[in-house]
Amino acid sequence: MSYTGSAPASSSLYWKGMESSGDPPILAGAQSAWDMLSDEQSQKHITTGSGDLNNILGGGIHCKEVTEIGGVPGVGKTQLGIQLAINVQIPVEYGGLGGKAVYIDTEGSFMVERVYQIAEGCISDILEHFPHSHEKSSSGQKQLQPEHFLADIFYFRICSYTEQTAAINYLEKFLGEHKDVRIVIIDSVTFHFRQDFDDMALRTRVLSGLSLKLMKIAKTYNLAVVLLNQVTTKFTEGSFQLTLALGDSWSHSCTNRLILYWNGNDRYAYLDKSPSLPVASAPYAVTGKGVRDAVSSNHKRVRVT
Amino acid sequence: MAGETGGEPRAWLAVDETAAAFISRSLSSRPTIILPPPLHRAPLRPGNVVEISGPSNSGKSHLLLMAAVQCILPKEWEGIYFGGLGKSVMYLDLDCRFDVLRLARILRNRIAEGSAHLRNGDFEKDGTKDEFQCSLQNMLFSDCMQRFLYVRCYNSSEFTAALKTLQSQSRSEVLGLGIYFVMIDSIGAFYWIDRASQPVGENKGKSLQSITETVIHEIRKFLQLQPALVLVTKAPIYADGTTTANDFNRGSSKYVMEDSTVLRYSRLEEERSLSFREYMPSIWQSFVTHRINLQVEAEVPSVHENEVLSTYTSEWMQPSLKTKEKFSIVDDGVILAQ
Amino acid sequence: MSATRGRSGGGATTSGCGLKRRNAPQDHEDSEVMNQDQPSTEDWCGRFWNGMELLKDVTEKKHFLPTGLEDIDTLLGGGLRQGQLTEITGPSSSGKTQVCLHSASNIAAKQMGLIMYLDTSNSFSPSRVATIIYGIADLIGQRGFELQPKDARLKSVMKSIICESVFDIFALFEVLHQLEVSLLNDKVNNGGSKVCLLIIDSISSLLAPIIGGKYPQGRSMMISVAVILKKLADDYNLSVLVTNHMVSAGNGAVKPALGESWKTVPHVRLMISRENNICTATVLKHTLLASGRTAKFVAPSQMFGGSSPRRP
């Protein structure tokens, strides 16, 4: 951090009034943008497994933010979700966050065998990148077991929107007890709300309440919230358009939005919304080891079962 | 008044005056007020309560300002005819959205207009005269602006307190002319707060009812001492259907925005379909003597590029005139469309 | 209340209501006061203004704060006005937050005062602000300012943006109350730094969970927030900037959220939308200018941080 060096006295003259010790801050607990900038620069991001994807996301999934990931079925939303749940656990000495994950599954698409596979893939990649540490410590070795990775994913299976609301309300307490959780994944946030909800106005209210709660969790516990979302078709201007589910008001309730789509036989991700980054797209691939860079344009489409 | 003649019971039985005397008296002491269009259709007198209703952005506040300028401008000044009333206006701002710059602009335009008429007849034009004219205009402007009284209210109790002080205010005014127009913008501003603050378990709208009663009582009291015209705006607070009813699918929405006419159309539709559900208590409705309703009609492109000029319609609901009038609002006035 | 304000109308009525009034509870007592016929003017500061006083106040204390986005500034007649509440509405990812970040950065960089930024969706991005400030600082090249190292300059600018996260309506009430108290203290002490801009991004996400339904409490809170904001804006010469999202209005169109009652709240409503790189800004409402004016412009690169590829 080059910014933290003490500033010459002249620069602070202008804001002397604010910085002089006698004055109370204008708002207790509020941070100045400057302090936030240094905080942000010391933040680590959660890698997606694909370098291209990390690039458009500014290094990976950011903590303290809510990221929505949408796409058609089979494009790899759940794969990416599981990948993130594994990647957040990469130990600090290997450049990761060394955190734990909460996975809230509403659709029943969490395949635990696949999680094991991805964890193995992740471990083998780590060992590939850090060959020297292979023999360095046995304790690190012990950590790098797929079982170990799986043990640190807290899995919630949700069967109705009431349960989902309850689980999200409970999360705050849960996270208070498990401070090492660094990512919360909800797969998918829309499922139950799209099924059995008649009162649309009420639905909007409940959902906007939920989204504020998730924002709060992300900020307070310094973790990333990832929401997976389905797509619906919308008939506009004579053609069907694919759009994310849950309506216009929900579309405002995330910090970042990533849309996954097929471009021919290739998977692409498109950053649709971000407060700090330009919109951009990048190819990625889902391999047996998990989400990785697309190797080449004629990369084979791997169907994962 | 009965209270004053209380000592002489016989006087109660005497005929007060003939109808002819009555009309000549009222014509002289309470002359009909001619307001700028589109408020000119119905004859208004001091003591009347005019309610201007219409959705947001339908020109309600603008009509108020036009009327205010009419009131504060003198009838004649330094040989220039302005056709104003030369009296004071009290503007009670409940929405807190009054913009004094707009009032100033309308007023300056009116003054400039009047002076221009004079100058057309006057052929001798030279720089000194213009300067003199300018300072005179500024004097008139400041004179007029001082007749405009303004108070901002942040809740219902401040509003009633303001009404209570109106009388002392009008008496202490050095202008001596007294308040002739009372404007309230807008009457429903605290509706939700008042509705929600009523004690639990009581009848619906109890506190709202009592607040409205107090407001009406105070206005009546004021009108008895000081004949004035009351102009009130009212915005609808219920939309037809909730905001989120159709909110099932969401688009990236960008393609919707691409065609802005679609959007305008929908906005128009929405405003049309507003059910004008009355939310003020019935006591208020019977207090209002005149009612005019404004609507946004259409948006026609104006001469300037990238600008759209809205057309509005006005319709008198009470007295019920069957004609609708179209008008459009430009930066500083109203243009009646024929 | 400074001495210039409050032309004492009723003499006695205005006395003795300096600070006491400010924190007076205003909800429950109302109905009691209402029913009494006794004038309750003693606890109300009758602030009757005349037109000239209003005009003086506006020209001296209520300035335009430029957002730094030229097209929007032109459209708004100079920028965000102090004493007024400006609303920016638009569909998701149309650039509402960018306008907020840009206004904050620009006003901070021009050293016009402190900026209070209330964030509800974790989208205040300090790195983005830093980028914008670098862009502006290069353009301005202020005297003396340039002599300082770049980082120190950035620091002093960024120190003047104060950010707080707010996640529910009650927290917002709390924050606004705190803000009012400290603004009042500042005013009394006649020192310290002045807050000139208050940004709430986005106010609709705080209000959406509570409005609607058959009970009026939600809307009551909404109007209360509106009243507090407008009061702060007028009393302390703040410019208040809020963002509102859009909801479907049926048949594929969209409209600003928060319903009919909110429409009467903002002084200025600006709608923005974005189609690839073309931004359209429309004035839906303005106190001074006729509404309905539109500006189309290419999204400045500083607004969105780069060109956007076509969406599939």
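Read from first to last, the chains carry the letters A, B and C; within each, the first residue is number 1.
FYI, a residue touches a chain if its C-beta (ideal position, glycine included) is under 8 Å from a C-beta of that chain, and two chains touch if they have at least 3 such contacts.
This one's a predicted model, so the numbers in the text were calculated from it and none came from an experiment.
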item	value
Most distant chain from subunit C, judged by the mean position of its C-alpha atoms	A
Chain with minimal offset from the mean of all protein Cα atoms	C
Centroid distance [mean C-alpha coordinates] between subunit C and subunit A, Å	31
Whole-Å gap between the CA centroids of subunit B and subunit C	27
Geometric centre distance via CA averages, subunit B-subunit A, whole Å	54
Contacts with two or more other chains, residues of subunit B listed in rising order	242-253, 255-256
Residues of subunit A touching at least two other chains	201, 204, 234, 236, 247-249, 251, 272
Two or more partner chains touched - positions in subunit C	91-93, 212, 246-248, 252, 254, 257, 311
Complex contact set, residues of subunit A against subunit C	2-3, 5, 7-8, 10-12, 14-15, 17-19, 23-34, 36-37, 39-41, 64-66, 201-202, 204-206, 208-209, 211-213, 215-216, 218-219, 234, 236, 247-249, 251-255, 257, 261, 263, 268, 270, 272-273, 275-281
Subunit A partner contacts - residues on subunit C that touch it in the complex	91-93, 97-98, 101, 104, 108, 111, 114, 116-117, 120-130, 148-149, 151-156, 158-165, 167-168, 175, 178-179, 182-183, 185-186, 191-193, 195, 202, 204-206, 208-213, 245-248, 252, 254, 257, 304-309, 311-312
Sites on subunit C touched by subunit B in the complex	9-11, 13, 26-31, 33-35, 39-41, 43-44, 46-52, 54-55, 58, 84, 91-94, 212, 215-217, 219-224, 227, 230-231, 234, 246-255, 257-261, 263-265, 267, 273-275, 280, 282, 284-285, 287-296, 311
Residues of subunit B that touch subunit C when the two form their complex	55-57, 72, 95-105, 142, 144-152, 154-158, 160-162, 164-165, 168-169, 172, 186, 189-199, 207, 210-211, 214, 235-239, 242-258, 260, 262-263, 265-267, 270, 274, 299, 306-310, 329-331
